[in-house]
Structure formats: structure tokens, C-alpha cells
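The letters A, B and C name the chains in turn, as written, and every chain counts its residues from 1.
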Amino acid sequence: MGTHKLLEVSNLSVEFETYGGVVKAVRGVDFGVDAGEVLAIVGESGCGKSVTVQSIMGIIPMPPGKITGGSAKLKGSEILGLDAQAANQFRGKEIGMIFQDPMTSLNPTMTIGAQIAETLKVHRGLSTKQATEIASELLIRTRIPEAQKRLHQYPFEFSGGMLQRAMIAQSLACSPSLLIADEPTTALDVTIQAQILDLLKELQSRDGMAIILITHDLAVVARTAQNVCVMYAGQIVEQGSVDEIFYKSAHPYTLGLKLAMPSNVSQQNKKLEPIPGSPPDLFSPPSGCGYAARCPHAMRICHKENPPLFSDPREPHHAARCWLQAPGAPKTEGLHQLHLIASHGE
Amino acid sequence: MLKYTFGRILSGLVTIWFIATATFLAMHAVPGDPLMNEKATTPEIRENLARKYGLDKPIAEQYVIYLGNMVQGDFGISFTQQNRKVNDIIQDHFPVSAALGILAITFAALGGILWGALTALYRNQLPDIIIMFLVILGISVPSFVFAALGQLLLVNINQWFNISFLPVAGWGTFSHMIVPSLVLGLGTMALLTRLMRSSMLEIVNEDFIRTARAKGLSPSRIFFQHQLRNAILPVVTVLGPQIAAITTGGFVVELVFAIPGLGRYFVQAVQQLDYTVIMGTTVFYGAFLVFMVILVDIIYGFIDPRVRLK
Amino acid sequence: MIPHPQLQAADFTAEPSTDSLEQLSRPSLSYWQDAWIRLKQNTRAIISLYLIIGLALFTVLGPFLWTKDPSAQDLDQISQAPALPKTALLVSDYEPWMPPNAQGHPAEPAGYPDTLDAVTNFTTVGTPNTQAVRFTWSPVQDAGGYSIYRSESEPNGLQGLGLPLETLNAGNIVGFEDRLNLKSQTYFYSIIPTDGFDEFEVVTTLKVTPVQSITVSQALERGLIEASDAPGRSVSLAFHPFGTDYLGRDMLARLMQGARVSLFIGVVAPFIYVLFGVFYGGFAGYLGGKVDQFLMRFADFVVALPFLLFMILFKIGFGIGPGESGVLPMLVALILLLWPSTARLVRGQVLKIREQGYIEAARLLGGKPSYLIARHIIPNTMGVILVTLTFAVPSAIFTEAFLSFIGMGVAPPTPSWGSMCNEGVKTMLSHPHELFFPALFISITVLAFNLLGDGLTEALDSKMRSRE
């Protein structure tokens, strides 16, 4: 393609130096986001999804964090490993970000209005008065009632849901082309979750803004995203469109996540099946597939060698990192078989 | 806020009553009687003296009179200097102690915040290591050693350069206050520096600092606007108790530097067993400290919106 | 694009993992094991721990190894700075010395001279020692007398001659004896001829270092020599590695005895009041309700008492009888005033723990209150209590030092580090070691306990624990 993707991440690797050794938190992640697209990154806690996006934003604490390789290109230009001054050309301006816990993610001693206005003053050089006016509009846009009064209130005077709206208002201040939402609904009540997701979708469809949504909740994914990356143990194990991920799951882990998800559809006696065990210790990632120890279909090769991403030529965005997709592998019940070109080897 | 202030003042008054009562009881538990080291040679003189100080009345009555006088702000007459009222002594000497104390706490607070912020900024680098080494010294060395060393240093500076750089002891001008207040504030400054440093380092890991970085704010703006301001709050909360430490530390500094403050007077009164002066100054100091703590709490309320608006 | 290697059919045989899925990747450690491991990694805390052990040995075993009596006065070495063992020249008991007369030289000059020559042949007689330094010189033509000065630093011509020792009013007296408070150090003696009234501006200076001396009878009295020893021999004086104080008492022995007082108060008082505070606070916290409110109200009042003022008040209240050291009253006063902070802390902890899910779970499983307290509540407050105790020690030591410094502490002659500082500060300008050593010991002790407290806080912090 001639045009660049909005954000293109390739082979990103991140490590953390800790007391107990080096944690390889992200191990070569590739994905891209188009303008106006909603991409969800799913995975259980500790799989590296938050580290991935925070590394792109340059906000992981360094040290102990360290980006050991890869690149992230925003509209074609590299944004990984920039110094604070250069990074601030896109942070808050081109890419907005909201976090998991709105209660602790806002400065407790500054008014909401001042915190939103701050972004505008820094990136657009507005006066306090102009910035506050825009802040008020932003609060209205994120459906915060009594916006004028709310501007002068402090975070502790807000409820969780209202705070997350204020966070969104703040991240939208400079009309970014990409919004990264790092588990935006995890800390909120279920009813509030739905409102926030609706708000995000609405803003996205109206402004044509792209969103990267980090979550561990498949229901949230189904509701919001167009494309999905499933992460496990610091790697993307399956990626594809929402439909592909949900109806043509090609990785046993995705399948496991689905079985562990409650649903209100049809099947009467559906039993929730937890995935046994826990993710591998990333101090020393296994040489084989990270999921092999928990995988009910594990084969000899799975313990020896980490599988590559197998992608389907007919559905080029659908790919899975699983030996079961290799040509010659046994067919497994319930698992979608990617249509690979039977070729070399054997 | 108003209700909060009112409540604090009320409980402060109750505390002062408790202090006054405890003082009264403690003084009356003393074996022997206060006239022991008076020149009460004959029984008549003793009786007259006892009558003069109201010591012939039953304890309960003495207590009521004592409280009554105190409410009117009358602490009685000194035992050793019989023409001097305790009130006069306090009036004469407290302003000196207060001036010294205010300068010391100002110096300690400003220094503590500045050094603490610096150490956090240069964490594990040379400035941090040097300042934290000094802080550990400041916490571990007793105040009287600082006072003695401060004076020794002054004497030497004046000798080496053959000038009177700053007066070695005494009271009167601002230059008399500088070294004593520095010495007095040193321990508190060390404590505040430590507190400020840990507070700063804790705040660096807060989510809202991450948000500020994600917003694209410059490091200096994050430092001043977001980190420093929030880090100062816990420092302010310990200022109240630290005022008490500075007050008692003042005793030593006043002794060493020959400053005519109330602290030195109190120590003297204790050594001479001047009962009315001891009781008067104890209650006065107690009341003073209680209200300083309340004052700091109220000031804190103004700085922290979470307290102010609740 | 699939870079797959040569895969064999065998690679695809099913081989589910045989390891237990629920295995833990790291070994499980108890709370205290974990804390100990972390404390061991903290070099400063471990050094502090060794320091504290060292101080304890110094206090307990020290007096057995260094048996010098802390109250014995060594009058030969008063305010002696720390030094290697010293020897003294044994001299015979003092006998008056007649300064020599210059034969044939007039006592008074015939007239008043316009100039006088400087004194020549200005020398000492015998071995200059700390008993006496004796001089003689050649008489100066026309001089009517001589003035003699002594200085500890080298005079610059006529400047800085120092202490005027004597003015002789006869030109023919050519000897002088200095017995004024002599020490074993270098002195500069200057002599100026006079016409009987005025000094002339010519000076002769002599550098003299008297040797430390002791008379035979003194040495016998102190048991330094046998009766038969003759003057001229050198004898070893008592060794004071840390010097002596203003009364000639051995500093090391006093520091050891002082450590007993300071550390006794510094360790025992916190131990008792923390223990009391734990019971008081635990009781209040566990019972809750009205009892709790009443108990804590009372604790609040005690906290509000200006602590040092009341310490002093209590000290007066208990009184110190003759022959008492005043350690006990100070201990009682400390305990009476300091327990509430621990009580508050423990109560807060207990209230917090009481609401925790695992207590609820244990209760639902049928745990009795005594079991809950012993098995769950106390173990979970131990960390906080230990840290409080560690930090309480330096503050108690400071308090003792402060009180002793203002003369309200331990009564003399019992030494404590604080009262030694109090004595030392008076001679700070001339003999800084008398302040330096007790202050150093206080500082090291306080430092060690503070650093250990910091280390414990970090090691016991459960937040830190989960962070790894």
C-alpha cells in the first residue's frame, strides 16, 4: 500500500529489570491501526498489553523498563525512543490516552477544568480563559451535566464514571487522531461501563478517531472493536477481525477465553470452563509455545519451539501463532483451520 | 470548614484544661512543700507565706482558685522573685523565644522542601547522596551538640579572620538570631527533607503523574505543577508536632547561646524549683502548642481541597 | 511466508504437559523469612545491626575488659586528650630553688640607661619538667630587672608574648622558676630586660618542652613505683585511650558506665511503653464502641501534654533522694508519657485487620476471639510494633540526653552520655574531646537504630513484597 497506516508497530520488545531478574514483558509484537479503526488488544493480566501501549507512548518508567527493539511509526514517522521534548509533539496532541483507574489518574489537588485546560495551554498555546471555555465544551461533549460547575470541582468530588468522562474529555482536548484506552472500564460498575463504551464509540464514529482499546473483557471487545489482537505471555497469539476471532478462533487460547466467558445466548446448560494453570514466568520464557503447558492440544513440537504466526491468504489479516495451524498438523475439533497454502517442507 | 475549625478549637480548650489539671496534680504530688527552700525560718513566716500563696487552703479549693485565675490569664507570682508576676515573665521572655522559633521553623520548612525536592530530582546521584548523608547526620546528632558546634564554629571564624562575623552569644539584633535559629532548625530540617524526599518519590509512581506524561506536559511542568505541590502536603501535616520539638529544642539553644528566652527561664525555674513559674510556663507552653497544631491543621485544610471542601 | 523448519510427523504427536498446572513458579516464603531476606540485602541496615550488637557488647562486656574505675580521678592527667600510653619522669619531691645571683653585678644600675642589650645565654637549668621549668641567663649591663613571659604559640618579635609570668626588680637576679600549671607541651618563654621600671624593646625567646613528671611521693601514693625507686627513672602513667574529663576521670570507663544508663533507659523504656501501648491499643481496638472511644480520648489527652515539660515536671514530682541516680524516675516518666502513640497505632491496625476478609472467614469457621487475636491479629501487627520499637529507642536516648544536658536527667556522679555532654560542653573550647566522645556515641546509637528502623520498615512492607 502506498499510504501509511495511522500507527504501525513492528517487532516491539520491552524488558523490565527487577530484583529477581529481567522480565521480558513484550516479546516482538506487530500490529497496525488505520484511521478511524477500533482495535482491541485482549489478554489476561500480565500478558503485556498495557506495557505495549505505554511503551509506544513512552510512559513506562525507564529504568527499570527498557525498549529493546522494534519500531512504532505514527503516520510514517518513528515515535519510539524519543526524548521527552520530541515525544511531547505527539503525546496528548496526536495520541490521547485514558487509564484504568480514573480515581487515581487525575491530580487530586487541581480542578478538573484546570487539568483539561492544561493540555490545551501546553499544546495549542491558548490563554487560561480560552482553554477553560474549550474545556467546558469538552465536558458537555462527554455528557457531564452541569459542566460549568464541574469545571471548578476537584477529582474527589466526582464519581468514578464522571471522572472517566472527564479523563476522556481531557484526552480529546487536542482532537487526537488516535485514542489509547488502557482498560477504561475495568474499575467501573457494569452499568457505567456500558455508558463509557457507548461514549467512546460515539466519539469515534463522529470524529473519525482511531481507538486502541486495551481490555481483558471479551464482552467489551465484541461490543466495540472492529479488529482484535489476542495477547499471551508478551506475544500476539491471534489477530483478526472481531468476527474471525469470535467465530473462527484459530488459537486454543482464544478458544479457552471464549469458553471462560459468560454469555446469555442460546446454549442452556453451558458451563463456564476456566483455563487451568497460570501464564509462564516471563523471567525465563519457555523456549516453546508459551501456552503449551496449559494447552489441551499440546504436541511435541509445542514444547520445543515457539510457533510463527500462520496467516490465512484468503483472510490476510487473520493469523494465529499455533503449531496446530502448521501444514500437516492434526485437525482439532472446535478450532478453526486456517487455509494455508500447503507448500514446502514435509 | 467553619464547623471543623470550631470543633478543633473546642477540643483544644478541653486539652488545655487537661494540661492545666495534670500540671496542678503533678506539682502537688511533689514530696515536701514548695516553701521548703524559702527563707521561712520561723513558723509565723511560713504561715504568712503559705497564706500569701494560698497554700493553707484545701487542695480542692486551691484547684478552683488556680483554674479561676488561669481563665483570667493570671498565673500568679514567682516564688523566687517575689515582686515579679509570672505573666510579666512570660510577656518579657516569650517574644524572644517566639522570634527564634519562627525563624527556625521557617528555615527548617523552606530548607526541608528545597533539599527534599532536590534529592528526589537527583535520585541516587551525587547531590542526593551528599544531602541524604547530611540528613542522616542531622537526625542522629542531638540538638545541643549542634548548638555547641555552632558556637564553636562562630568563635573560630571570628578568631581566624579577626573580625566579628556574627555575635557568638547574646540577644538584641537580627544577627544574634541567625546562627541560633539555624542550629535550632537543623534537626527539623533534616526530618522534613527526608519526608519530602520519600513523598516526592512516592508521587512519581502515582497514576496522575503517568497521566500528565501521557498528556505531553514538559518534565519541568510535571515536576512543579503536579509532583511538588502534592508532595508538600504530608510535609505540612508534620509541621504542627515539629513546632513542639523546636520549642523544647529552644531550651538548649537559649542556654548555650545565652539568649534571654522563656525556655532558658523555664530551665532556670526548674532548677530553682520556682513552682508558680513552672506551672505557669507549662500551661502556657501547652496552650501555645495545642493552638499551633490547630493552626497548622487549618492551614493544611486550605492547601488540600480534599479537607477544605468536606 | 511460513518459515517452518523440517517438521516430522512425530512433532505433531499429542503431548499434553505433564507438569502440575497449578505449581508455583517460585518457592513460598513465610512473612518473616521474606522480611529477613530483604533485610539482609539492605547493607545499611545490616551494618547498623552489627553496630547495635557492638554497642551492646561495649556496654555489657566492656567494663570487664577495661576495668578502670570510672569515678577514680587521675590528678596527673586532668582533661587529657586521647593519647598513647604516657610515661612520666620520676622527680624528687619539690624543693625550693634559689635563683642564682650574678656575682659582681649591681642590683640597680647607676643611672637610667638609654638602651639595653638583649638577654643572652637564656637557657634552662636541669631537665624542664611539669613540676618546674627553671631558667638562667647572663646579666645585662645596666639592667635593673627582667620581665618573663610565656606563650603557647611562637611570638612574633614583641607581639604575642603571652602570659606575663614575673617581673624581677633586680639586675643581678639571673634565674627564674616557672611552676604555673605546666603541661607536657611546647612553650615559648620570652625575657625582656628592664631598667627597673620600663621594659626595653629587646626580647629573647626560648622554646621549651617540659617532660611529664611525677614526684616520688605521688608515684608511691598511686602505686606506680616501688619504695626503692630513685628519681630520674621514667614510670608509666595510667593509660587513657579516650583521654580524661575535667576531673581526671577515665573517659572510656565513663563512656561504658554511661552507656549502661543511656542504653538502659533507651531500650527498657520503649520496650515497656510499647508493650503497654500494644495492650491498651489492642484492647481498645478489639472491643471497639464506647470503651474504645473513652480509652482513645484519654490517650489523646496524654499525647497533647507537652512531653518534655511534663517529663521535667514528673522528675520533680518523683524527686531524687540523696544517693539516687534518678534513672528510675526518668524511666517511669518516659513510660507514663509515651505509651499513647503506640496505643493509637496498634488500635488503628487492629481496627483495620478486624475488618479484613480473612478474619471474617476465620470467625465463620468457628474461630474464638482468643484464637483470632493470637493467630491472626497479633501476628499481623507484629511488623508495625517492631518498627515502632526500633524508632522508639533513638527518641528515648535523645530524651535522656536532652534532659541530662539541661541538668534534669541523671544525677551526678552517675554518668550518662547526656550528662557527659553537659560537662563536656563547658570545656568545649579547650578540650573538645570531652564533648566529642559522648556526642559521638549518642549519634552512632541513634543512627544505627534509625537505619535499622528504615530497613525493617522496607523489609516488612507488604507493598514491597508484592512488587517483585
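We take it that contacts are C-beta pairs under 8 Å (C-beta built on N, C-alpha and C of every residue); 3 or more make two chains touch, one makes a residue touch a chain.
Values in this document were obtained by computation on a predicted structure and should not be read as measured data.
Peer 1: Going by C-alpha centres, which chain is most central here?
Peer 2: The chain sitting closest to the overall C-alpha centre is B.
Peer 1: For the interfaces A-B and B-C, which has the higher count of C-beta pairs in contact?
Peer 2: Of A-B and B-C, it is B-C that has more C-beta pairs in contact.
Peer 1: Quick check: how many Å separate the C-alpha centres of subunit A and subunit C?
Peer 2: 62
Peer 1: Can you work out the whole-Å distance between the CA centroids of subunit A and subunit B?
Peer 2: Those two chain centres are 55 Å apart.
Peer 1: Hey, how far is the Cα centre of subunit B from the one of subunit C, in Å?
Peer 2: Going by mean C-alpha positions, subunit B sits 26 Å from subunit C.
Peer 1: Can you tell me which positions in subunit A touch subunit C when the two form their complex?
Peer 2: 18-20, 276-278, 280-281, 292-305, 308, 310-311, 323, 326-330, 340, 343-346
Peer 1: Quick one: which bits of subunit C touch subunit A in the complex? Just the residue numbers, please.
Peer 2: 1-7, 9-17, 19, 21-22, 25-26, 468
Peer 1: Within the complex, which stretch of subunit A touches subunit B?
Peer 2: For this pair, the touching residues of subunit A are 54, 57-59, 61, 84-85, 87-93, 96-97, 99, 101, 104-110, 118-119, 122-123, 154, 156-157, 167, 170-171.
Peer 1: Looking at the complex, which residues from subunit B come into contact with subunit C?
Peer 2: For subunit B paired with subunit C, touching residues are 15, 18-19, 22-23, 26-27, 29-32, 136-137, 139-145, 148, 151-152, 155, 244, 247-248, 251-252, 255-256, 266-267, 270-271, 273, 278, 281-282, 285-286, 289-290.
Peer 1: If you look only at subunit C, which of its residues touch subunit B in the complex?
Peer 2: Touch list, subunit C to subunit B: 300-301, 304-310, 312-314, 316-317, 319, 394, 398, 401-402, 405-408, 418, 421-422, 425, 428-429, 432, 435, 439, 442-444, 446-447, 450-451.
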